[in-house]
Structures are given as C-alpha cells and as structure tokens.
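We just call them A, B, C, D and E in the order they show up, numbering each chain from 1.
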Amino acid sequence: MQLKVERVSLNFGGVKALSEVSLEVAQGELVSVIGPNGAGKTSLLNCISGFYHPSAGKITFEGHDLTHASPHQVTKFGIARAFQNIELFTGMSVLENLLMARHTFGHYNLLDNILIYGRAMRVGVENRRFCEEIIDFMELEPYRKALVGDLPYGVRKRVEVARALALSPKLLLLDEPMAGMTLEEKEDMVRFILDIRAERGTTIILIEHDLGVVMDISDRVYVLDFGQVIASGLPEEVSQNPRVQEAYVGVDHAV
Amino acid sequence: MVDFVQNLISGVAVGCIYALAALGFVLIYKSSRVINFANGQFIAIGAFMAYALAVWGKLPVLLAALLAMLLTAGLGFLVERVFLRRLVGQPIISVIMVTIGLASVLDGLMYLTPFGSGNFTFPQFLPQGGLSLGGVSVSYPQLLAIGFTAIFLVLFGWFFQRSVLGVSMRAVADDQMAAMSVGVSVQRVFALAWAVAGLTAAAAGIVVGMVSGLNQDGLIAIGLAVFPAVILGGLDSVPGAVVGGIIIGVLQSFSTAYLDGLFSQIGLVGGGSQYVMPFVVLLVMLWFKPHGLFGTEEIERV
Amino acid sequence: QGRTVNLLWSGAVTGPTSDVGGPYGAGVEDYCRYANEQKLIPNVTLNCTVRDDQYQNPNTQRIFEEALDRAKPAIYLGYSTGAMLQLKPLINEVKMPTIPASAHIGLIDPPNNQYMFLPVSSYSEQVVALMEYINRTTKNAKIALVINPSPFGRAVVDHARRAAQRLGQTIVDVREVGSGNLDNTALLRALDAAGAQFIIHQNVAGPVANILKDAQRLGLNRKIRQMGAVYTGGSDLIRLAGEAAEGFLWASSYYTLDENAPGINLQKQLAQKYNRSADILNSTNYTAGMLAAAIAVEAMRRAGQRFNGRIDNETVYQALIGMNGPNAFKPGFAVSTKAGIEIDFTRSEQTGAEGLRVLEARGGKFVPVTEPFTSALFRQVRNP
Amino acid sequence: MRNPWAQTGNYRTSYVQDTTIFANYREIVSVVLLLVGLCILPLFLERSQVLVLNFILIYAIAVLGLNITTGYAGLISVGQAAFMGVGAYTVALSAPSLPFWLTIPLGGFTAAIIGFIVGIPSLRVKHLYLVLATLAFQEIFVWVVGRSPALAQGAAIPVEMRNFLGLEIGFRNHNYFWYYVILFVLVLMVMAWRNLLRGKYGRALIAVRDNDRAADAMGMDPGRTKLMAFALGAFYGGVAGGLLAYMQRAVVVEEFTLSRSVALLAMAIVGGLGTVVGSLLGPAFIEFLRLYVERLSEWMKSNAFIQSITPAGVDVASALLPLSFGLVIVLFLIFEPRGLYNWWRLLRSYFRTWPFRY
Amino acid sequence: MRPEDLGNILLEVNNIEVVYKDIIQVLRGVSLKVPEGQITALLGPNGAGKTTTLRAISGLLVPEDGKVVSGSILYRGENIANKPPEQIVLKGIVQVPEGRRVFKHLTVEENLRVGAVTRRDGAKVREDLERIYHYFPKLALIRTRLAGYCSGGEQQMLAIGRALLANPKLLLLDEPSLGLAPLLVREIFDIVAQINAEEGVTVLVVEQNARVALSVAHYGYIMESGRIALEGTREYLETNPDVKEFYLGVAKSGGRKSFKDVKSYRRRKRFM
C-alpha cells in the first residue's frame, strides 16, 4: 500500500473530527471519500497533508511517517493537494502560481539566487518549461499571465489542480474540485482527473459530493460520518449500503 | 507587605489609565482591524481641549472635561470621515501608515496651539492628597482613573455582548461584505468606533492631566505604552484591554520596585526597567500566547 | 550698514525638550535683534539664524554643514548633548567656536574639545555642588540620583559617584526617569527603603514635578529632600508642581527674575518689547539663551575691535579665549564668584560662569540660600 | 499551443529573456546614464548638499531592506532603524581594529543575525501582531544601548577614518569620499535585491505574504522564509547603519529610534512599496520635503506680515514640518497608494510614446 | 409563458451593464423579471455574471469596486441601481452571499441577531428568531457555537436564516448548494420552497446545480457570458434539449450519462 492511515483520531476541543479512521490506498488507485458536511473529510486530508496532526494513530506514505510532518515536509515526499476553499496566490498570475510549486525542484542556494548565474538560471528555465507543460495539459493557456484573483471561480479551481500537479506528486489529494460547477464544467474536470491518472499514474484521493461523479470514476469509496468510516468498498457496494443511504444520499437519490 | 500592597495599588491606578487609553484602541481594532498609531495624539488633544475649556474658557472642570470628550469624539468621527473611509479595502499596511501620518498631522496641529511645547497643570478640582489606609495611599485622581475605567468597562461590555449595534460592530470586523448584505452600514460602524475611541482617549488624557500634568510628549508616550497592554489582553478584547492595562501598570510599578536593582547587577546601568519590561512581556506573550489573554484566535480552516 | 556677520543657533524649537529649546531659541533671537538695534558690533550687521533641528542629529549636522558652506558663521550656538557630542570632532576640525546649550562636561573634555565653551558650570559641577551643600548640614548622607534616560541625564553619574566617595556619602541608587511618569510611588518607596535622605535630579522639569507631587502625597517630602541641576528647576517646576515644589533645592548659575541684575532687567525689557509670553519671560531657559547670545555677540565685537574688523571663526575664537581677567565679560545674567568677573574663558578653561548658587523654592519662588560658589571638589573629581 | 515542441523552445528563450534585468537596450542605456549622472553629480554640489545626498542614499539602502521585509514578505516592521543601529554599533566597536570594507559587511551580518532572532515571533504570529513585535524590538534596542556602559550608554562613540589608501580624508572631502562609497554599496545592494526577487527565494517571500498556508503546501517552509525576510531586511539595515556611522563620524543612539523607523516606513510607502525606484525616490522625496519645508518655515519666520497675523505663543513655522510630513503620507496613501514609483512609470511611458498620448 | 403571467413583477432588471474597477465589464445588457411570490432561478456556467447580477440588485457591488453603468433596476417601480446596500435591505431585498460568509467569530445566535440590525420592531425579532429555529431546528441546537466551527451545511442554513431575519420581501440566494452534501442540498431547497410557500417571500436563486434549482423554481433564466441566453418556465426549461444536455446531464438516450464517457472535445452550445 502506498498510503496507510491507521486508526487516526483528531479532536478540536470537544469536537471529535476523526475517530480511529483507517484508510489504505494503493499506487495508482483513485479513491473517493464521501460523507455529509462536517463528517471529517477535509480534516482527514489535512492530517495527511500535514496541516493537522492527529492526536492518535499513524499515517505513512511509502514508508515515510507523516504523522508529525508539516505541510512542506509532506510535499517533499510527493504528496500534493488542492484546497476546498481555493487557496491560491491571488496577487500572482497563473504561471507564477505554478512556478511557486516548483520551489523545491532543482537546488540552488541564496547566494546563487542573488548572483543569478549558472545554476539558478538553469533551474529556473527547467521549471518554467515544466509549468508550461502543465498549463498546456490543463488547458489554461488563455489565462497564463492573468491574475488569479480576477479569474472566474471555475478556472481558479482548475488552477488549484494545476498547481498541485506542478509539484510532480505521486499522490494527489483533491478536495471537492468540482464544487460550484455546472455539469459541463464537471465533465471537463473529470476528464482532467482521468487523464492525470492515465498519463502520469498518479494516485488520487478525491473528496466530492456529486455522487454521480464519485460512483462513475472511483476505484474504491470510503464513507465518513461523524468522523468515522461507516462504509468502504467498490462504488456499487457502497451505494447499496443502507447506512450510507440514510446518512448521506437521502431519499432523493438522484441529485 | 505594605510596600507590596502600595506598589500594587499604584500600579493598578496607572494601569487603569492605560486601560482607558487602550479601550478606544481596541474598539477601532475590533471593528475595522486598524491599529491606530494616532491614539496618543487623541489622548493629548482630549486633554488639551479640556484644559483650554477649563482654564481659558473658564468652564467648570467637570463640564469642560465632558465637552472635551465630546469634541474629541467629534474629531475621531471627522478623522474617519475624511481619511479612513477612503481606505476601505486597501491593504492593512496602508491603513496603519495612514494612522501614523495622521499622528504626525495632529502633532503639527498641536504645534499651532500654545500646547505644542511646554508643560501645563490641570486645574485642581479634586482635593489634594488622597485616601490613605493602613499606610497605603491612593490619590484622588488615581481613584478617578479607576472609577472611569470601571464605568467604561461595564458600558463597553454591555454594548458588545448585548446591543445589536455592538454585535454588528463585531460582525463588521469579521466580514464587511456579509455585514453589508444584511443592511449594516459599515461606514456608520466605523465612524462610531472612531468617535467612541476619541471619547475614551480624551477621558484617558484628562485623567493623565489630573494625575501628572500636561505635556505633549508625555501624553503621546501613553499611546505607545498601550501597545503592550493590548497585546497582553488581546487586541480585540474589551476586558482584555482593561486587564492588560492593569497588568502593565502593575508590572511597571513592580519593575521599579524590585527589578531595577537586578538590572544594575548585570551591568545595565540606571534601572528604568519599567520602560522596557512591558515590551519584553509583549514579546514573551507573542510567543506563548499570540492572541493575548482574551483575544479571539483567527479561525483558519483550509 | 557695513558688513554682515553670521551667527547660527540650531536647537529643538519643536520635538523633544522643546520646552527648553523654545525659550532658549527665543532668547538667542531676541538678544540678536537687540544687538542689531543697539549696534553692539560697530559697522556690522549681525545676521542671526535661528533654526529648528527638532532634536534630530542629522538635522543639526546638516544645518551646521550648510552654514559652513554658505553663511560661514563666526560662531555657532549649539544645543543638545547628543548632537554636540557627535559634532565635536567636526567642530574641532573646522575650528568653529561653539557655545552649546548642553552643559555636558564631556563637551569640554578632551579629545576634540578645543572650540567648545560652556556659558555656565557643567551639569556635573552643579550636582557635585549640591552634594557639597548637603554635606554642610548632613554628614555621610545617603543620596539617590534620578536622571533623564539620555546622555544628558547620564552625564553626571560618574562624577557624583566619585564626589560621594570623597565626601563620605553613599549613592544608594541611580534611576532613570523620563517624561510621562504617571506614578512614582514605587520609585519613591524603593529609594526610601534604600535609605535615601536626598534625591538629586538631573532632568527636565516635567518628570521632577511629578516626583515631587507624589512625594508630597506619600508624605515622603519631609523625609527625603529633593534637589536638582539647572534644567530641573525654575518657574516651570513651580508652575507644574505647585506647593509640592516647596523646599526643592536648585543649583543654577543664573540670576532669578526677582533679582536686580542688568541682564535680568534687559531680559524683562526685551520680552516686553518683542511681545514674549509670560511663560517665556519667566523661563530660565530664556535667560540662558540670552546669555549664550550675549557672549557670542561680545566675542564678535571684540574680535572686530582687535582684528581690524575681521570677524570670523578664528578671530572670534581668539576673542573668546582672551575673555578673562580684566577682559572678562559681565552681562549680568549669571552670578559670579570673583568681583568683576562673570564670564571668563581661557585656552584651557572653557567654562564661563563658574559660580553657582543653591536656590530653594519658598512660597512659589526660588530664592538663593547660598552665596555664589564654585565647587572645589568637582575640580578634584573631574579627571580622576 | 498544441505543438509542445515548437512552443517549448520558444518559452525557453522567452524565459531567459524574462530573467534578464532589463527589457531592452533603452533601459540599459538609461540606467548607465543615471549611474554616470550620479557619479558626476557631487562635482556640482557643495559639501552640505552632498551630505543631504548621503543621507538619502543611506536611507535608500535601509528602505530597500524594508522593502524585502515589508514590501515583499508583507511583514510590517517598525524596527528598521534599530537594525541600522545594530550595524552602526558593530561598526563603532570594530572600526578601530578593522578596515571599513570589512566592518560594514560585518555590521550587515550582525544585524542579519539579530533580525533572524527578532523574526522568531513571526513563526507564531501574523499580521498586525507582528508589527508590535518589531515595535518591541525597537524599544528594547534603544533601552539596552542606553544602559550599556560598553556602548557609551547611547552617547557618541566616535568612528574615525582619516586615511584611505594614502588619501587623506578630512572635512574638505569627507562627504564626497563617503558619497562614492555609499553609491558603490547601493549599486551592489540594488543588484542583489533585483536578483533575489527574481529567483525562487524572492518568489517564496511573495508567496508567504500572499497565502502562507498555500506556500506551506507548495513545499516552502513559511517560518524559514519569514526569518529569511527578516534577516535580509535587517542586513540591508545594518549596512546602512554602518555607512551612517562612518558618514556621521560617530554613533549616537538617537539616530536609531522609533521615529526614524517610522520615517523609513513612510519613505518606503511614499516611494512605492516593493520597488527599487521607489526605494530611491521615497527617501529623496521625504528628505527634500524636510529641507524645503524648513526653508519655508524660516521664510515665514522672517516675514513680518505672517508674524503679525499669527497669535502670540503660536509657532506656525515649527508646525509645518510634522504637518507636511503627515499630510504627504496620508495624501499619498489615499490618492496614490502605489507611490512615486507610479508617477515615474507614467512619466516614463509618456516619454516612450511621445508625442502620442498612449 | 412570460414572467408577467406568473404574478406581479416585483423586480425588473433592464438592460444593465456592470463594470468592475472601472475597466472590467462583466454584464453586457442583462434583463430579467422576478414575479412576486415565486421562485426564480438564474443558471449559468462559471463566470457568466450571475453573482454580479445579484450584487447589482442588492447594492453589494460597492465593496467589490463595481458599478452599474447603464440600465435600471426597478423594484416596485423604483430604480434602486447603485443605491447603498443598507437602503436596499430596508426596502426588503436581502442577499445571501456566495460562499456562506457567516461571521466566524460570532455565535450562531449572534449571527442571526445581526440579521435584524435594520429592524426597529424588537419584540417581533424574538418571535422571528423562534420561527427561524423552527425552520432550521439544527440551528437551535447549536445556538451558542461559534459560527466559524460549524459545518458547511449549518453555515448555509445560518446564512439563510440571518437573511430571513432582515424580513425580506425578496430573497437573493447565491449558490446555496455550494459544497453541500446531497442530503443537505435537498433539505435547504425544501426549506426555501417551504418559506416561499408559507411566507410568500419572493426568491431569486442563482445555482450551478440546475437540477435541484429547477425542481423548486417557477421560472428560470440561463445566463452565458454576461447575457441572458434563454428563459422560460420550469417546464419549458426542463424539456429544452440544450438545457437537458448541458445542465441536467441527460444523455441523448434519455438516461443519465456516465462521467466515464465524457468526450474529450468541447461541443458548442447551440444557443450561444
């Protein structure tokens, strides 16, 4: 297993955001996490990506212990994420946002930086080329030099994913990348996600409320409720589970 | 023991002056996230106005004080109208810098009056001396400071927790756009905050005038002394301002009483630890409890 | 009428210590006007430049160098301790006779001290004199120093320590207190607990007044006698401290406004003529400014006389160091210890009026309680 | 943009082009001209005018530093003067035993170390709280110097350099000599500044200002970046302070107080935050403002009519400086928040397209 | 059928153009009508200008530095374009902003009370508060919790409740389903429908989730890049083939199409 989350618990004061959550993801898998609002999905991602540290339990990725790592350390192991409430560098262009993600790629020190010569220059050009490729891949060309703050919501969501990709991740964490999109835009995003997996072999954990999307593209699904895993398995299995129906889907299934 | 109690009481009295000065500061921060570097100037102007009304205008001291507080409130209102309002939505550094610029402008304006240089004594309307109990003494102006602070604390506490206007003031601090969406007039809230800040600053200035006389530099310096107090209490907490102010007052008193000797032993000549300890405490506080004793922590969720 | 000679004063008309600098600058200004009206320097128009440096050293430095480039003043009247100490090497290099408002002894101590002239005795001498005065009545006194948190305040500490040793006194504590001191209970109690019988202040009037008021409230005014050097006392202190100032001892070389001295009379006359407020008229700092200007004008007059109308920094310097013995200057602003001599300088003796008196606040006025004297002890402890 | 090969090559060159400081030859020429101009400028000026320039250039170095800490990393600092002080005192203590080309960088490094320490609270606190941390440092610095006998308790410590490679330095040429030294240092510091902000370390500064959580997720350690911002900004301050020590011939603590810190911040803002041009224009503007307001107030004092209409006890002339200083800050922030830099930009584009309007 | 046929026209937007920061033009002549007592839906892709339209109505362009530069917005016949938001609220138009925007550091109940800030009828406010708790029983359970720590659904309920306390005649909802789980989306829309039915509050709702929006709306507009592209009653829209394909996700064959099968080229919408 590439990622192992073992009996992780997380508390905020009295609130038990996660209790003994376990989850495993294999290399190349697309795993979805669903559950009602406040179930702890984002908290789980936050634990994996180092923003929160679990009060109990253990998280490992390819043998590295992530339990107490901070976000920038987690990134170095090859984990990238896109945020639920867009966290872009609003004052920068799309391209600059992606370049930020190349921060740790190619080493040069402060002195190289100040002299900008040789090493710093080579690294810079290499990173630029890489980012342009991703821009191309995510079809963001028209917005390359546009300030992120001025972009429509849907495009910003896409920039989020693109920026995460720029980290060359082995594991990509996507937190509701399709929220607030029309059907058509969702379809585009699904296509990107499937392409990412197909072309790069990236493992993906997806949080999404649109059950249509989740059921259609996931390899496996975990269902969280009140910080606990209440079901997991193949999409078909999970969607038949009565507990899931009750807690999440509700009577009107077809939203 | 008597010494200790006396130092404590004196510290509390001074602390109450800081608390008064801090209240207006906190109010502005609470509603608009602006750090007001011109607070000291407000304090000075309030005090000078009271002096001018009482001595030159020959008004009864209490009336003069009241009028001065209202006039300074007017000044606060004006400042918001003329300067701050134009900066809504600008980055925070701009807004801070504007208050710094404003401080300088107000300094200049004070030089246009005879108060610019020189010292003035406030007319005495309280009896000389003070209360004395078992060797512990408090002067009447100090009692006044304590009383003023208590009154303002209760008023403000009620205002922010109970009154709709107070709650919407906090709402504005949280999210201006959302507040507008339900019909809060953000501009009115800011204007009110600045006006009330002017009022409390003037109150502080008048008390200082009674305790220790008026001098522009001295009054403005109190504006600076307020910073450690508000950090200690939490930048946006009304009770925090009071508790922080009092702690800083006591800290200064205790530093002078018990610390100065220690400092000279490590080779720092001349004591005066009361000037530096508040800032040391400020740093320590920032490290261990960044939001002060009662400040609200930023709710940050990713 | 004839040529113009330049005189430069720069000091804090605004900013910190402007309560001193304001009246001081006014004194300089008024005396210059008077000198021109009276044609004190024959055939020469005196061009007095009074500039506000706001107590900021870069301003002082710029104003001074600008003057060197352009007006080329014959004499420079300086102001703050900090700026003067900083400019000392430059002043020495350009050989500019300088009369600072600050009476920091370091200004006339080597190195680079050749062109500095203090109009009256130094802060250190004032403090040592006060200690000697204490010694007249109280042996082995315990003394606390309360000083301004600046080079100005700190100027006196070492000399006071050495003097105490000679006198058998103890300096129980040295404390720095600046303006805006809201409450001095802890300070006074700590000094009391340390057994201090006397507090000597080296400060400006504001903080001292607050300490006096608190001492009175705490009933410590009987127990601890307070006193201070020249910038602590005067009409400002009385106005600020009211009756709490009663009994305060003040070391000063200047005459008070109640005395019938020629300088003081002139001061009253000029204040009226130039419409100065009562606060300025009553201020010792106004007297001090006038004295500095008077010395400068007199030196220029003599330089013109001695060197065929050549009035520049070199001749003025010569005039200054020749201002002694029968040539001493007696404008009547400061007390003197030697008959006929008020201000005298030599090449190596750069203090003007060496005499000083101790005055006591009584009934809202400072009245002298000693004859003018110089501190012999200070001369022993000045350079150990 | 469907053909990656054709495009990639193109990007590569365009990125290298992006990396160069100057967009075109015209800019190179104008920078060279500016430098030549600055080099010959003193030949036309009096000593005291050069002194004014020296102050401006020294402040420009300090403001450049502030533009790293505040302008780029967004960490508002009201302690830059104290960092200058650290540099100045380092110089004062080491000048007797070391040559100036060692003491000045040493001052920078000492300040950088202190800056690093002062920045530590930034690991925990954000935004406005941090302003107060720098305020605390500023106050503590002045206090400690004032109590330290080893630092003359804040009174003047002379810093003399009378001789450089056989060149006698005295009153006549002191200001000129230091003008060229300062100019040289400034040019170096500007180049370093520009390069820094074009590389990944500079980008990290901006990222942390913009969104430090996202920066964290991008593999940048926000804490380390903030500390670096403080250290770099302080380095500039320290170098400026070291130069100031030599230029003023002595170190006095009053040079390094809160009001100077505030003035530096004002210069940065009036000039235009985060720009080189602004770092030069800001100090120049503020210092010339000071100069001309001083002139004006002197004129007012000597003008009988103005004197006759001002009430007794009121000193209009002295009020002018704080008044104008404050007004300039306020007006700039309200009407031209991008500072003088923006004027300069507009002016430049005006000339570039002259005689056409756009 | 035209909107007039559904009831009195409460709000009429005539050909408005909106410009942000004096340079970015977003709306290029938008016109729409909101019939009184009905729910009107405004649909469209990202960046079409839906939020901007709502802001223009509620006056909330101000904090975004935007302006209505031409056209008019008539509310009961009175032009309210570019009026300050607090005046518009007083007239009875209240917007629930996109992304919930609750006051994070206030408790749930305090949030609600801020909603009543413009009201002078204090006694009635208490009553209304209970009514809100009746509609949203969840909120009653957490009235003392800080809003910042509430879950997304709770925050959305809170935002709507807060707006309702301002006593609106016309409620503007901006993407109430954003980020909410299906169960909650349903719940919230049901409550909106209930409030509309029981209290007669007119609603203009902006949504991406066309399916759920159309399930409660009486009339709908579809917006594309700053213009209204299509309008009609629910029945009309639900049967329009373009709407079916692009907004409701119904495959040509009739059933729901799978996301796995999305084609990798963009198709043109016919009505663009």
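Criterion: a contact is a pair of C-beta atoms (placed from the backbone, for glycine too) under 8 Å apart; a residue touches a chain by one contact, two chains touch by 3 or more.
Predicted, not measured: the structure shown is a model, and the values here were computed from it.
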**Message:** Using the touch definition from the top, what's the fewest steps needed to get from subunit D to subunit E?
**Reply:** 2
**subunit B and subunit A - chains in contact with each** = D, E
**Message:** Count the C-beta contact pairs for B-E and for B-C, then tell me which is higher.
**Reply:** B-C
**Item:** Centroid-based (C-alpha) most distant chain relative to subunit D
**Value:** E
**Prompt:** Just curious, how far off is subunit D from subunit C if you go by their C-alpha centres, in Å?
**Reply:** 38
**Message:** I'd like to verify one number: the distance from the centre of subunit C to the centre of subunit E, where each centre is the average of its C-alpha atoms, in whole angstrom.
**Reply:** 77
**Fill in**
Between the Cα centroids of subunit A and subunit D the separation in whole angstrom comes to 42
**Complete:** The distance between the C-alpha centres of subunit B and subunit D, rounded to whole Å, is 32
**Request:** Would you give the residues of subunit A that are in contact with at least 2 other chains, written as numbers and ranges?
**Result:** 51, 83-85, 87
**Asked** In subunit B, which residues are in touch with two or more of the other chains?
**Response** 111, 114, 116-117, 269-270, 272, 275, 301-302
**Contacts with two or more other chains, residues of subunit E listed in rising order** = 149
**Inter-chain touch pairs (all)** = A-B, A-D, A-E, B-C, B-D, B-E, C-D
**Item:** subunit D contact footprint on subunit C (complex, rising order)
**Value:** 13-14, 22, 49-52, 54-59, 61-62, 65-66, 68-70, 81-83, 85-86, 88-90, 93-94, 106, 149-151, 154, 176, 275-277, 279
**Item:** Complex interface listing, subunit A residues touching subunit B
**Value:** 42, 46, 51, 83-85, 87
**Residues of subunit B touching subunit A in the complex** = 301-302
**Prompt:** How about subunit B: which of its residues touch subunit D in the complex?
**Reply:** 29, 33, 35, 83, 86-87, 90, 92-94, 96-98, 100-114, 116-117, 224, 227-228, 231, 235, 263, 267-270, 272, 275-276, 279-280, 282-283, 286-287, 290-291, 298, 300, 302
**Prompt:** Of all residues in subunit A, which touch subunit E in the complex?
**Reply:** 12, 15, 34-38, 84-85, 150-155, 176, 179-188, 190-191, 194, 209, 211-213, 216-217, 247-252, 254-255
